[in-house]
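Two complexes come next, and they have one chain in common, chain A, joined by chain B in the first and chain C in the second.
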Partner chain A sequence: MKSYLAVLRGSFMIGLIYRYGFLFNIAGNIIYMLVTYYLWKSIYQGREVLRGLTFDQTYIYVALGSAVFILLKTYVDWLLSFDIREGMIASYLIKPIDLQFYILFNSFGYSLMSLAAITLPTLILMIFVLHIEIPLGIGLALFPLSLLLAYLVSFCFDYFVGLLCFYTESIWGLSITKEIIVTVLSGALIPLQFFPDTIQKILFWLPFQAIYYTPLTMVAQPNLSMDTFLPMLGLQLFWVIVLFVFTRLFYNQAIKVLRISGG
Partner chain B sequence: MHSFIDYIRLYFIIETQYIKARMQYRADFIISSVGMFFSSLATLGVFWIIFDSIPDLAGWSFMQLVFIYGFYMIAISPMQILFDHIWQLRFHVQQGTFLKYYFRPLNMMFYYMSEMFDLKGLTQLAAGIGILIYASLQLHIEWSLVRIAFLLLTLFSASLVQIAITLLAACAAFWVIDSYPVLGLAWKLREFAPYPMNIFDGAFRFTFTFIIPLGFVAFYPSQLFLQPENVSPIIYFSPIVGIGLFALAYKVWTLGVNSYTGTGS
Partner chain C sequence: MSLIHVQELKKHFNVLNRREGIGGAFRDLFSGDYRTVEAVAGISFDIEAGEVVGYIGPNGAGKSTTIKMMTGILKPSGGVLQVNGSVPYDNRIRQAQIMGVVFGQRTQLWWDLPVIESFKILKEIYKVDQKTFDKHMNMFNELVGLNALYSQQVRTLSLGQRMLCDIAASFLHNPQVVFLDEPTIGLDISVKAKIRSLIKTLNEERKTTIILTTHDLGDVEALCHRIIIIDKGKTLYDGDIKRVTALFGAYRTLKLQIDPFDESTLEALREKLTTHFGAENSFTIAQTEEFWTDVTFDQAHTPLSDVLGVVMSNFKVSDVRIVEIAMEDVVQRVYDGALR
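The block that comes next holds the complex of A and B.
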């Protein structure tokens, strides 16, 4: 465990190098929030409720989604493919550590850095400058836990795509396809309630909703009852376990085809 | 000095070799093209979902937005296909490898950009053309020769706007070394180009019209075809905006190139 924490600390520190990028990231988030404000204003066009959501609920959902976007993006697929191409992966394999956990802690360090440097400042600006009021409720208290589970689900997706590189040795196309599928189907851009009914029913059985829809709903509609929230958290936990086991099994297969040239 | 024809011939020679080299990685090309296809349709998918709940967006029907989106996709393709090397500028500047571009009797921007020809961008172009044709059939837009000429002219200037904005952002590399955050922000802003500009109020509409003229990438020129009887005069400025902005970006590029001193190693 100690060695994994050292990895986490290391990547947190590396994240600090890109200090001035933080400003642009925060600026980008704020601009995005303002633009989506106008977009959703004209979608609602004075209507009180759409698909069971008020404008305020939808807007908090979407705005918070853009603030946590950088946290849930692990870049593990890119890092892993880079390590495979450059042969660096060999140096991890000879160490007495577990690759999946090594990569998890490494990317978690970056996300903690982003949390401190991008997400929190964005949230502060969002609340105090844009005056977006976040309603209080039990959902808000459960949000951090739900976000953590969402992170783990997102990590599994990225890790899986990274492992696919063992086969394809190219990443751009795979990663961008995954990115689009996850972003749209997880409800990062629009709450899932807006999807056509049949698609909603299908999405309920898929793991994507665990990434954005679940944690964001907890903040946007924090006054739903515990009876709604607990199954949502349970489902997230279920997907974390399933996907972790799945990617571990897949790793055992993928490692067999790995060929390293150089490094 | 080389003539324009010389440059075109040279470009063909360089890109044929480049494409031959790329074709060794056929699987990568196919996967990337699929990825490109999906990623370029994402915003359209979002519009489609939203229109399940509402009849129109700020007075625009879904099919009209599809038209604007098709226009947008075609307009951003030249940037993707011909100027994709722009993303590497920061590495070259950082590592000092940018110096090599000073040593050929060629226009430096030409030489630099010719090193990459993004094949997967062709998927985007094809999808854009398909979407534009589909939407204009659905909307019963009547095409005359004059209209087609207008379409080509506005597409040309729209793509110049897109190229110029990205180029300006990338040129930050000459002064701040790591231009990725600036470039990333410009890229993120680009996603707003297919939105109807009339959803924005004062400050934002002003910004997207005059300061970062994203409105000229798709929305303003599209009006020429969507509501020809009711176009705002601003549309007729679109060629000037395109050429003017590109000239500005070229000027900044030249300044950057002249002030770059290498890495010292």
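The block that comes next holds the complex of A and C.
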């Protein structure tokens, strides 16, 4: 465990070294928040509630969604596929560490950095500049846990796509496709309530909503009862376990076809 | 029981036969036309603890593939491979603890972090205690002055500095065996000398087993007691370095620019040299690159100055270079039966 924490500490430091990237991220995020603010303002024009959500609820959902999006976007798939293509994977494999946990903790480090540099400023902007009130409730208390589980589900998706590079040697198309599917089906762009009912029912059985919809709902509607939240968390945990085991088994297969050429 | 036991080790890769051009690339999308490439075709050797073994061969001979199997990165296709009594691929994480690896082409350090931070992370990864860590860091500092580099980002190091750091890092956790895959590639003479003395000292002080692949015969001469030459995935020679040094130590290649040059020049050169020195002294004459004619011979039998004299008095030579024998030539000579 201590060794993985050292890895985390290392990638956190790398995040600090490249701090200027975060400045641009913050700037981009602020612009996005303002655009979505006026977009949803006009969608809600004159109406109090749409699909059971008030404007504030929807906006908290969407704006926080963009901050979570940056938090979860750790480029694990790109970095891993690059390492596989270029043979850098060898320098992980010579170390007495588990690849999956190594990469997980490495991306934790980056994410902690973006948590401090992007997610927190987003909250501050929302509360103090746009005067959005975040309602207090048990959902808010469960949010950190739900976010962590969402992080692990998202990580498994990225890690899986990265591993595909063992077979395909390039994941450009795969990664873009995954990105679109996850963004739309997970409710990262718009709350799932705005989807047609049948599609909502189907999505409930898929792992995508565990990434954005679940944690964001906890903040947007924190006053729903514990009976609603617990099954949501349980489902998240279920997907974390299933996907973790699945990617592990997949890794054991994929590593067999590893070729490292050129020295 | 030897530290490393390799018997009839094999590794083959399936490679897609790629066709030419855009049309070919499209057809490759649906192609199942794989061919099998035998990178390692049955190699056997045993290495005892504390040995320094030079593992050499031309490009594509299968050196790196063997190293990657011994370090547990690649799964062998056949044969027996044991390091310290267990199979590297099946117990990768446990085995990695007793090995150190340097790939000359890539670094195992953290590219974006200062050097010292990489060492700190490695300390945790390999579970090195603070006392050992301090002791080793002091030693690395005495040997190569590592302290001066601590605060530099790895990516800003020169190739030579990076290599010294990488080699030091591979010894940090006191491994039983260290694999050095082309540690001197692309380095100048003075850095090479530094690296050789670092490796030599570490081997002597720690009794670490070292397996070294290189293209520089100077590395082998300076460091190894034993040499394994492989080519096309097969062992050509395995034994004492002295017989091999005797073979390439005295050989020199004379590179000549002969002007005017035509097809008959090579034949004429061979004839002149043979008549002068007799048929028992073998000369290898070949044109290896444009304008340059290579004459390789044994200095112990034929003095360099005599050969040069004969060439100069019979041909119009516009430029001359003298180089030590290249790896490829050594392998060729072993093929030709020089060590039998």
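Here is the rule we go by: the second predicted complex is superposed on the first by the 261 of 263 C-alpha atoms of A that agree within 3 Å, B and C clash if a C-alpha of one lies under 4 Å from a C-alpha of the other, contacts with A are read in each partner's own complex, and residues count from 1 in each chain.
Here is the rule we use: a residue touches a chain if its C-beta (ideal position, glycine included) is under 8 Å from a C-beta of that chain, and two chains touch if they have at least 3 such contacts.
Note that this is a predicted model, so its numbers are computed, not measured.
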item: Winner by number of chain A residues touched, once chain B and chain C are compared; value: B
item: Touching partner for A:I94 - first (chain B), second (chain C), both, neither; value: second
item: First (chain B), second (chain C), both or neither touched by A:Y20; value: first
item: First, second, both or neither for A:E179, with chain B first and chain C second; value: first
item: A:L34 touches, of chain B and chain C: first, second, both or neither?; value: first
item: Contacts of A:Q45 with chain B and chain C, given as first, second, both or neither; value: first
item: Touched partner set for A:S170, first chain B, second chain C, both or neither; value: first
item: Shared chain A contacts, counted only where both chain B and chain C touch the same residue; value: 18
item: Chain A to chain B touching residues, read off their complex; value: 18, 20-21, 23-25, 27-28, 31-32, 34-35, 38-39, 41-43, 45, 50-51, 168-170, 172-177, 179-181, 183-184, 189-190, 194-196
item: Touch list for chain C against partner chain A, complex; value: 13, 64, 68, 71-75, 92-94, 96-97, 99, 101, 103-108, 110, 112-113, 117-118, 120-127, 153, 181-182, 185
item: Sites on chain A touched by chain C in the complex; value: 2-3, 5-7, 9-10, 13-14, 17-18, 86-88, 90-91, 93-98, 255-256, 258-260, 262-263
item: Interfacial residue positions of chain B with respect to chain A in the complex; value: 25, 27-28, 30-36, 38-39, 42, 45-46, 49-50, 52-54, 57-58, 120, 176, 178, 180-182, 184-185, 188-189, 192, 195-196, 199-201, 204
